[in-house]
Each structure stands twice: as C-alpha cells, then as structure tokens.
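One chain, chain A, appears in both complexes that follow, with chain B as partner in the first and chain C in the second.
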Partner chain A sequence: MADYAHAPRPLGGSLVTPVTLLLGVLAAIAGVILLYRFIYGLGAVTNLSDGYPWGIWIAYDVVVGSALACGGYSMALLVYIFNKGEYHPLVRPALLASLFGYTLAGASVIFDLGRWWNVWHIFWPGYAQVNSVMFEVAVCISIYILVMWIEFSPAFLEKFGMRNAQRKLGKVLFFFIALGVLLPSMHQSSLGSLLVIFGQQIHPLWRSGWLLPVLYLTTAILLGFAVVVFEATLSSIGFRRPLETKVLAPLSKIMYGLLVVYLVIRVLDLVFRGALGAAFTASWEAFWFWVEMACFVAPLALMSSARARNSAAKLFIAALLLMLGGFMLRINGFLVGYMTGEGWHYFPSLPELMVTIGLIAFEILAYIVIVKKFPVLPAVQPATR
Partner chain B sequence: MDRRTFFKSSLAGGAALAVGAASCPAQARGTNTLPPEALGLLFDSTLCVGCKACVAACKEVNGMPVENFTKDAYWDTPLDLSGKTLNVIKVYRDGDMAAKDREENGFAFIKKSCMHCVDPSCVSACPVSAMRKDAKTGIVTYDKDACIGCRYCVAACPFGVPRFTYDSATPQISKCQLCVHRHKDGKYAACAEVCPTGATLYGTVADIRKEIARRRALKPGEQTSFPRGKLGGKDQSYPGVAAKYIDHVYGETEFGGTQMMMLSGVSFQKLGYSNLPPNSDAASSETLQHTLYGGLIAPIVVLGALTFIAKRNVKPDNEEGGNHG
Partner chain C sequence: MEDMSEIRIEEATRAAATVASRLGINRREFLQFCAATATTLGLPAGAEAAIAEAVEKAKRPSVIWLHFQECTGCTESLLRAEHPTLDKLILDVISLDYHETLMAAAGHQAEAARKAAMAANKGKYILVVEGAIPVAQNGIYCKVGGQTAVDMLKECAADAAAVIAIGSCSSWGGMPSTDPNPTGSSSAADILGKTVVTIPGCPPNPYNFLATAVHFLTFGKLPEVDELGRPKFAYGRIIHEHCERRAHFDAGRFAHEFGDEGHRMGYCLYKLGCKGPETHANCSTIGFGDIGEASWPVACGHPCIGCTEKGVGFIKPIHATAQLKGMSPPASYPGVVEQQGKTSFASAAALAAIAGAAAGAAAMLAKNLGKQDEAQAQQKGE
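So, the complex of A and B:
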C-alpha cells in the first residue's frame, strides 16, 4: 500500500489567475440575478409555468448537481466498505468536490423555493410530512451535507494544527463514514422516486415505477466514479501534476461492471413494461432517449479492453460521456419526459442559465481555493509547492 | 490488500444491503377510500349553458383578481386555471357546432377546478403538510403559512389543478378549497350556489352518487326535475328533460375516485380529462417509501452493517499524518 505515503499537501500558488477571475465574474453575475429574483419573484427571471413548475434549478442544480457530487460517496463506498485501500489517494479530493457540490445543490434549493422563509417547516414536527418523497430527499441531503463537513474536517484541523481534535475525531470517523455511505444511497435513489407520484405525467420511456430509485442510485454511483476520473484528469492537467492513470485504470474496470448492470436493468425494464416501442417513434422524447442511451453505451466500448482502460484519453472521454448520460437520464425524466398536457413549453431563460452556470463557476472556484490552501491532493515526490 | 479480503468485505457489504432489504416488512399502502362525511360537487355538462356565473362568483368569494386576455380589457376572461383563477368553464367545439353535447359537429361545456381526490397526489407530495385532506369531509385544503413554495403539488396533481403565482415575491398556491371558509356561515360552494341550471351541485358524495344513479336511469328525452344549489338543501328544483349521457361517470373510479364527479354527453377525453387508472399514484409513491423507510428499520440495519464494516476498514488517523484512512 505504497499509496498511503502520498499524504495530502496544499498545492500553494497564487489565487488570482485568469481562470479564477473568470469564475469569479460568472459567480457574481449569478448573484445579481438571484438578488433580482428574490425582489421580483421567480417569474421575473425564469421561464417556469404551471405546466413546468420545475426547471433547471431543480432538474440540474439539485437532481443532476447532487448526482455529479457523488464522487465522495462512490469512493467512500469503494475504499471503506469494499476495502479497496489502493484508491485512497482519490478519496479526499473526491470528498471535497462532493462537499461543494452538495452544499451548493442544497443551498440552491432556496433560490427555487417560492416561500423560502418557511423552509424550516420541512424539519419541524407538525409540518413535516413523512410520506412525501421530497421530505425524505430534503432531510437526507441536509444531514449528508453535515456529515461530509465532519468527514472532511480532518483537512481543516490539520491545517490549523489542531492535532488533538483531529485524533479524537479520527476515533469515531468510521461512524460518519458509514453514515456518509448510507445517506446518499437513500436520497440519490429517492431523487428517482420523486417521479413516481407523477404517474402518467412521465413519458413511458422514463416511467419506471419502483425501479426508478434503482436506476437513479446505480447511475449516481457511476457518476461518482466518472467525476473522480474527470476531476483527477483535469486537476492533473490544470495543476501540472502527473496523471493518475495507474489508479484510474482498475477503477474503470469497476465502472464497466456497474455500467453493464445498469444497462441490463434499464433495458429489461423497458421491455417488460412494453415501453420499448416508444423509443422507435418519431418524437423528441425518443430522440433524447437515444442520446441518453448512446452516452451510456459508448463508454462500454471505450472501457472494454485493458489497453483502452490504460489510455488516459479514452478513460477521460468515457467518464465525460457517463456524466452526460447521467445528466440526460435526469433531464429526460424531469423535463423532456414530463408531460402535463397540451400547450406547455419550457426552455430555461438566459438568467436561469446564468444562475446555473454561476453556481458551477462558484463551485470550481471554491475547489481551486481549497486545494491550494488545504491538504487535499496527494503530494507528488518531490512535493511541488 | 489481497483478493480474498476484498471478496470477503464485498460479501459483507452485499449481505448488509440484503439484510436491510429483507428486514423491512413490505408496508403496502392501498389506495385510500372515501371519508365518512365526504362533501363534493356534481357537474353535469349537459346542463351547463356556459354562462360562467360560477367563475365570477368564485372570484368574488375568494377575493381573486381578474384576468384579461381580450384586447379591450372589459371583463374577466380567464382561459384556464391560474394563480388568479380557481374555477373555469371551458368549451369543447367540433365542426359547425350545430348541436350541444354532441361529439361531432357539436359543442359542450366543462368545468375545471380541484377534484378533491379521494387519495390526492398533492397531499402525498407536499413535504410540509400545507396540502391537507380533511379526515371527515375529505376537502383538500391549502395553508399558505405552511407552504414552502416548492411546487411539488403543481407537478404531481394529475389534473393540473394547483397553480402558483410566479410573478410575486411572496408567491402562493391557488386551488379550489370548496369554499371551506364559507361553511361557518352556513354557506356552501359559491359555484354551486349561483349556478342557474344546477349543472354544478353541492352535496355529500353519498347524495351526489344517488343523484347520478337517478339521472343515468332516466330515458333520454324523459320529463324529470333537476335540483339546484345544494343537494338535500332548500328545494330549488325545476322541471327539465333527461339528457343522453355517455356511459362514464368521471371521478367514480379515476385515481381511486374524486369528490367532484361529472356527467357528460361527450367523452371526457375530448373535454380535457384523461383516462386515469383506478389506483392512485399517491399509493404507489407511499408504498415505495414505506417499504424502504418504514419505521426507519431498513436504514438502521444497513447503517449498523456499514458501521461494522467501516470500523474494520478505516484505520486510525495518526498512522499516516492526517490521512483519515
């Protein structure tokens, strides 16, 4: 387990670069739009309607956003539950990305809530409605965000030299890690269950009933791994560090297996529900269905041989496609395949898009700042500082 | 780590999940049934003359603003339910519209407002109990002081009933509440009270069912009488001629039934009401949730197993200088 020697180190370096500046500007634009939204209401900035009460602020920022933030969850599952210690160097960076992804996904809910000042009702006995899927999702995500901050706190404690606290936390950390595996399993599946109550309002291609949670959970784990590959590759390039292909190649083998499982369930479900025919009609739904499927099937080919898995480029593309596939599955379920009657249309408005883009920018910016200042990424020998 | 250890821990992980899945008793929840003193509406499309008195009355008693869609904004002309409109009368038209209540070359009127479902999706969806179904009357109410404005109810309702005021900084859901606020004054739903033909009737669901059975038993063209206002209330009936109904009472079985029920001479699909299964989506959704999370049994069992495994696999911190693995 030589990798254990690669203890995380802060990267150092200047915080003000053209990239961070651009990200900062994008985040600021989103801030201004949000200010406007809180003063003039959701209608003033979004294209939401009663036919499409949920737009990209839910479908992307929360549903896709949290799934893309599953890197920490997937890696914890692999390293601590399936005891694959060799992936350990990937855990902390993945956890950091998850921490931000989730915290922002959680916070962005506020932007979308019409009566946001009542949000505490979800957690309040008397108001809380435990039969609601959204109740489960909201409570579970909130606790998970807390758990992740605790899981990640060793990095902060280390930075501030609080060795004693760090040691104490280390003794009980296993419990938070277990919680950190349980909670995403619950809410990532429930994000799929949100669609169950829509019944016939969901196009047959995505109306998978009780399999929805299974499909959403498997793809969330897949997405978690894909994001780890994606981020590891990007930060290798961005921070000029050696590629981590040696760790990533075996990881992609696991992804391959999981992907096969997902596709088998997805296709069998369509066949048994008699919904497959809908995929062969001339409709937008069918078109986007095939885009979604292509994004899942292509990585299968890209990761099929050991040689392909050792190619950083192929792996990167496969990861990117998987992220796109997970994105499509969710956008298709929540927006493309949502049919609530004639005459309703939705495409996000420019301000709506800018808020989502600004959120992503903010997330990347925060990630860059933290890895430069705190021990997150595994050190390279000799340490580049 | 060697293969064997990996294999063993994989098995343990799998077993934990399996135990979790098996330990939770399947808490299937059937579609709910009608409350004992259920109240509702009967809308008979064949009696509706499209005067929209009910639309105006609804606006007045609920203090809802007018909506103008015509060029010169002379009067309230809502086209559909909206944040400003809780009840609307729509028209179906085909061909030259020569006869009322005929599908081909005909026309018909239809009411759109909350169906007060027996097993409502909006109530099951709402995370903060802002949507409630009264245990006795079955009326589905909305409480804006509880609502967080998530619009899950808007998305979930199969009839597209709850609407939202997107143009407000303090938005809320708009939806018919069967005029519960007028009950304390001994009054009932304004739409039924003002309907000149009795096309919209208010009453207990039991009385409504009886009235529906009576009308369906009549021969088309037969002389009969039609009540107005409230079934079982002051007698305001008037003589009329029995209509020809299609063999479908909307709201009898749809979605586990609804407390607003409808009769018509034209198929309901043409009138904008889709065919719905007899079991409610709320039941499917809650069965799924209860199976996974009922009594938190499964999550706790799984957490126990995960904690056990993680305790073995997570090494104490100080070994590797701050690495928590």
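So, the complex of A and C:
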C-alpha cells in the first residue's frame, strides 16, 4: 500500500503569512470570549434560553463539526476496510483535518456546559448515566479523539526521528485504525439518535424516527468524502501544488453512489411517514428543507458523468454543496425544526458566532502549521509541475 | 413490632366490638380512633389491630396527673379533642387516679387518693406533669396541699414506671420561665435530673399525647425520642418542611404586613416572624381541633411563635425573623416570565457578510478551476 513516490513530506515555508495572521486574530478573539464565558456564564455570552438550551456551539461545533471532520473516518473506511490503496495519499491530510475537527468538537461540549467544572462527571462511574444517548456520544467521541491522535502519531514520530517507536506502533496500529472506523460509525449515528428521543419536538420533515441514525451516518460518510475533495482542492491552490483530480474523480463516483442511496432513503421516508406535505407549506421549516434538499440534489447533476467528475471545478462545487447539505440537515434537525413550544426563538449572538468562527479559524491555522512542519501531504513529483 | 401483622383481622374486630360495647360507641368509631393513632405514630399497617387489642386487654394503667405553674391549657386541649367520645375513651383507656381539674374529690381527700394510688400501683403508674416547677426560694411559689411542687414531683416520680411532661412549661420551662424568671421556673427533667418524655406545645396537640400513651399501652414502652425527650414521630421534623405555605417560601412570595396583598393571598409568613423554619413539631401535618389542616396558627394567617421549641417560643419576639435551620432561601429567584429568546442583528449581519464572502470566494475559486480544466482539455485536444 505504501507508495513511496507519494511518501508524505513537510511543505516547509514561513508560518507567518497574511492568512495565518488573520486566522490567529480570529482564534484569539474566540479565546477571549470563551474566557469571559467561563467566568460569567452562558447567559453573558450566548442567546441561549430555557426553550433553546443549546445553540450553534452544539448544533454547529459538535454535530456539524464532527460530521465535517469525518474525512479521516471515510478515508480509513475506504482504504483500510474496502482495501482501496490508491487513495492512500489522501488519508493523512484527511486524518489531520479530522483530528482538529473532532478535538474541537469535544472541547465545544465543555463550552456549552452550564457547570463546565463538572464535565468529568460524564466519565465517572458513580455519576455517568449509562442509558443516555448523550453518554454514548460523549464517551465514543472522547475515545475516538484519543484513537485519532494515535493514528496520526506516525507523522510526529517520523518528524522527530523516533524510528523505533514508529516501528513498534506500526505493529499495533491496525487495532487503532479498526477502532477509528468503528467509533465514528457508532457516534455519528448516535447524533441522529439524539433527535429520536426528542419525538414530537422535532418538525415532521426531520422526524424520521429509527431512520435518523441511518440518515446521519450516511451523510457523515458523504460529508467526509466531500471534505476530502474540498480540502485537497484548497490545499492544492493554497500551497500551489498540482490538483489531485486524478485521485478525486474516482472518489466522486463513490460519493455519487452513496448520495443516491441517501436521497432514496430520505425521500421514501418522507413519503411513507406522510410528512412530504409539510414541505409544501409556507413556513420557514419548508424553506430550509428545500435549501437542504437542493444542496443534496444539485451535486447529483454535477457528478453525473465521468467527464463532469474529471472537472476540478464541478467536483469542487459539488463537494461544497454536499457540505452545505449536511450542514443544513443537522442545523434543521437541531435548531430550525426543533419545536420547543409557542413563542421560543433562537439566533446566535455575535460573541457566540465569533467563538464558532474562531474555532474554525483555529482548525485551519493548525492544519496549515502542521502540514508545513510535519510530513502530511504527499511529496510533489517535480515532473508534474 | 413484627407481631402486629400476625394479629388477625377478626381478632381486632372482636376486640373492637368489646371495647365499643363497653364504651357505648359503635365499633367503627373505635377502629377509626385506633387507625388515626397508629397513623400519628407513623406505625406500619396492622398496628391499628395491635392497638385495638391492647386497649381491650390491658389493665388500665394508673395515671397520676400533676399540675404546677400552668394554665390548664394542655388538659383543656386534650378534653376538647372533638372525636365524639374521646374524653370517655381517655378515661376508659387509663385509670386517671389523680387530676386536679377532673377529679371529684377535693382537699385532703384528693391527696389521700393520690397516695393510695401510688402505693397500690408502685412502680407501674404513669406520671404526667403539666406546668413548670418553681425552684426559687425553696419552691415556695407553687404549693399543693402545703407541699411544694418540687417535693411533690420528686415524691411522685420516685415510683413511676414512666414520666411524661405535657406542654412546654413542664418540657422546658415554657412561658413561666421567660426572663427574668422570678420564680425560677424549671422543667420536670431539670428537677428529676434525667430525660423524660416531653410533649411540648402551648398547648400541645392532644393526639401527640394520646399516641404516646397508647404506644406505651400497646408496646409496653414509650416511643423513640430525640435528645430533648420529644417523641420523634411528632417532633422529628421542623414545621417548615411540610408547611402548606412552603411553596410560597421557595418561590419568594412573602406577606410583609398583616392584611397586605401577600397576606391576603396566603403567602409565606416568614417575614412576619414565622418560626416554622426553626421549630420542631407536626402542626403542619395534623392540625388542631379535629377539623383538618386549616386549623393551626399558620393556616389562620398568624406566624408560628415556636411554642414547642426551647429558646424560641416565649423567648424570641413573635415578629422577629426566624433563624433558618437546614435551608436557606435562594440568592435570587427565577423570573416569572422568561424571555423567549433574543434577536441579534449584529450577528445576523455578520453571518450574512461571511456567507456572502464565502460564496464569492467559492465562486471565484470554481471559476479559476474551470479555466484550468479548460486549459487541460485543450492540451489533451491538441
């Protein structure tokens, strides 16, 4: 599997650029707001209320954030489980993006806890509520973060020349890779299960019952691939490297198939539950439902032919739309379609938004720093450019 | 207590029938009394059968009832228990051999009856003390038949099977012991130098006394008491815990003056000086006068004065705020009307700007990619 022509190398180059500076400032703003939030409480910073006890810090940072961080999971699934070695060069960068996505998603849970100093209760046997879906999500995500750092650690070991440790780790790595595929399958579907227990509090358009875990897991894998395309395209442009369309085009064929499966389940579920009528009412929920569906259907057209799949532009837009669709599905389920009672409404406050933006900025910043300093991206053959 | 459940229903029924015919009341009324007593005592199901049995079979214990510095309120309250034949029942259950208010005898004849009863039931009679005992100047402030209260109490207690102090005066000094206490009023326990069962209150709830007596009759011993000698079944909790106005306390709704809106709405009387939060008694659960829970001071709109609690009743000013035992009011109260979410225009604007910028950047990027695609296609075409 190890194709040494594609052996990863550090990119090198200066860490201080206009982009990294901007990202750093955004991350710092988020840090200050979070400090304020930890001292003065949620009410001082967020627009949360009794009706909306969670906002974007959960709906975006955790639910969407961890789904967008499924690149590592999707690629590991493809390369190691379905044994598609040709995609191996995409694994490490995808894993890196996932690593930060998940680590920050886990941290976001703490930001959202009213009494954050009690966070250790989740893991303490006397306090843990083992029958709760949230418990499953919390434990599973925590272990997965740990597993991912182990999965990614060869990059660090390589950099610091710890050959011996790397060799020893290599012998047991298969175990962690297997865990790395199992765990997200569990918690990404559990994030859907969270909505199952909300029952009637979820708008009929997203009240898919026992199919929710299936829908969330399918879209999580789909999003993982989309993010890989997105991130590979962006790093090619950002770091002035050749486009990886040759690897991405066949990947998009897999995405295409998965997308068809998802859409069939989604539409049939709506039809059989008799919920489709709700999509044709004049309501915000219906509007955002159509936005969500458009984001899923449009890529179907964009990736329909082999010619289209070989176009970097179309592929990029398709990936972008898929990410937006997965984003909308989750935001719709957790916020837009979350009906908590007459009169309640929620829109994030500016500080709340700045924290989320700061987290994304931090994620990108850390990605840039690591690919420049550690062997992550495949080496570029001089001949291609 | 395990034996109780084994006493069969028919036995209880038969016992009840016997007692009922003896008293000239119907069986049902008698069983109701037994059940009510068992409930007051906090006994498990089946205890009412044991009580019925005991009342039927037990030889009526001799009771000597002493009155010292008091107002006879305890006796009055007991007699005014409104169960139709309760007064009869008391006299049937116990043999009241000496009671200054109730006995027909007078003068030396009365004292002779007391001495005779004490001699006949030596070590077996129950001594009930009502009223505080003055000790100043050798106890000259209270004498009965020329004998000081101190001497009479010591004499009667020497051969008693059990001593029950009824009312706050004999329990801890009560009203007569209020500063400056010129007569040196003391409790029965102080004089006897030992813990006695106390039924404090001014007056105490008659059922707390009756239940204690019936417990003795049924099980041959007095009920479990706390360190102050108060039966735990009645004085184990503070009034505040089961107060019907408790929800108002927790919600921060208080009457601030007599007759103000809060007072008329039935809000918590804590700020009017209610001593419920520091007074141990079951007033809030059993009420007075057999007419249900509406009949106790707090239900009538007056703050509890803490009459059952040493150091509170007759000591603290009635309208002084109580010291909270074991609980404190919250620092702030939740709003009655919660804001149902805020609207953030700055945030909406920022989000729109970011979405616009992202869409623009994506479009530009896609356009450039498209050009690259075209270039590649042309290369291939050549």
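Following the convention adopted for this analysis, the second predicted complex is superposed on the first by the 378 of 385 C-alpha atoms of A that agree within 3 Å, B and C clash if a C-alpha of one lies under 4 Å from a C-alpha of the other, contacts with A are read in each partner's own complex, and residues count from 1 in each chain.
As a working rule, a contact is a pair of C-beta atoms (placed from the backbone, for glycine too) under 8 Å apart; a residue touches a chain by one contact, two chains touch by 3 or more.
All of these numbers come straight from a predicted model, not from anything done at the bench.
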item	value
Fit or clash between chain C and chain B when superposed on chain A	clash
First, second, both or neither for A:Asn118, with chain B first and chain C second	first
Touched partner set for A:Ala178, first chain B, second chain C, both or neither	first
Which of chain B and chain C A:Gly24 touches, first, second, both or neither	neither
Touching partner for A:Asn131 - first (chain B), second (chain C), both, neither	first
Touching partner for A:Leu320 - first (chain B), second (chain C), both, neither	second
Partner chain in contact with A:Ile357 - chain B first, chain C second, else both or neither	second
Touching partner for A:Pro250 - first (chain B), second (chain C), both, neither	neither
Touched partner set for A:Glu86, first chain B, second chain C, both or neither	first
Which superposed partner A:Ser49 touches (first chain B, second chain C, both, neither)	both
In the superposition, chain B vs chain C on chain A residues touched	B
Candidates 133-141, 169-177, 295-303 or 331-339 of chain C: the single one with C-alpha clashes against chain B	331-339
Shared chain A contacts, counted only where both chain B and chain C touch the same residue	49-51
Touching residues on chain C, where the partner in the complex is chain A	338-344, 346-348, 350-351, 354, 362, 365-370, 372-373
For the chain A and chain C complex, residues of the former touching the latter	47, 49-52, 233-234, 237, 243, 311-313, 316-317, 320, 343-350, 352-353, 357
Partner chain A, residues of chain B touching it in the complex	1, 5-6, 9-10, 13, 81-83, 121, 124-129, 144-152, 154-156, 158, 160, 162-172, 272, 274, 276-277, 281-282, 284-286, 288-290, 292-293, 299, 302-303, 306-307, 309-314, 316-318, 320-325
List of chain A residues in touch with chain B within their complex	1, 4-5, 7-8, 38-44, 46, 48-51, 53-54, 79-86, 88, 91-92, 112-116, 118-119, 121-122, 126-129, 131-136, 138, 151, 154-155, 158, 166-167, 169-171, 173-175, 177-179, 181-182, 185-186, 189-190, 193-194, 196-201, 209-210, 213, 338, 340-341, 375
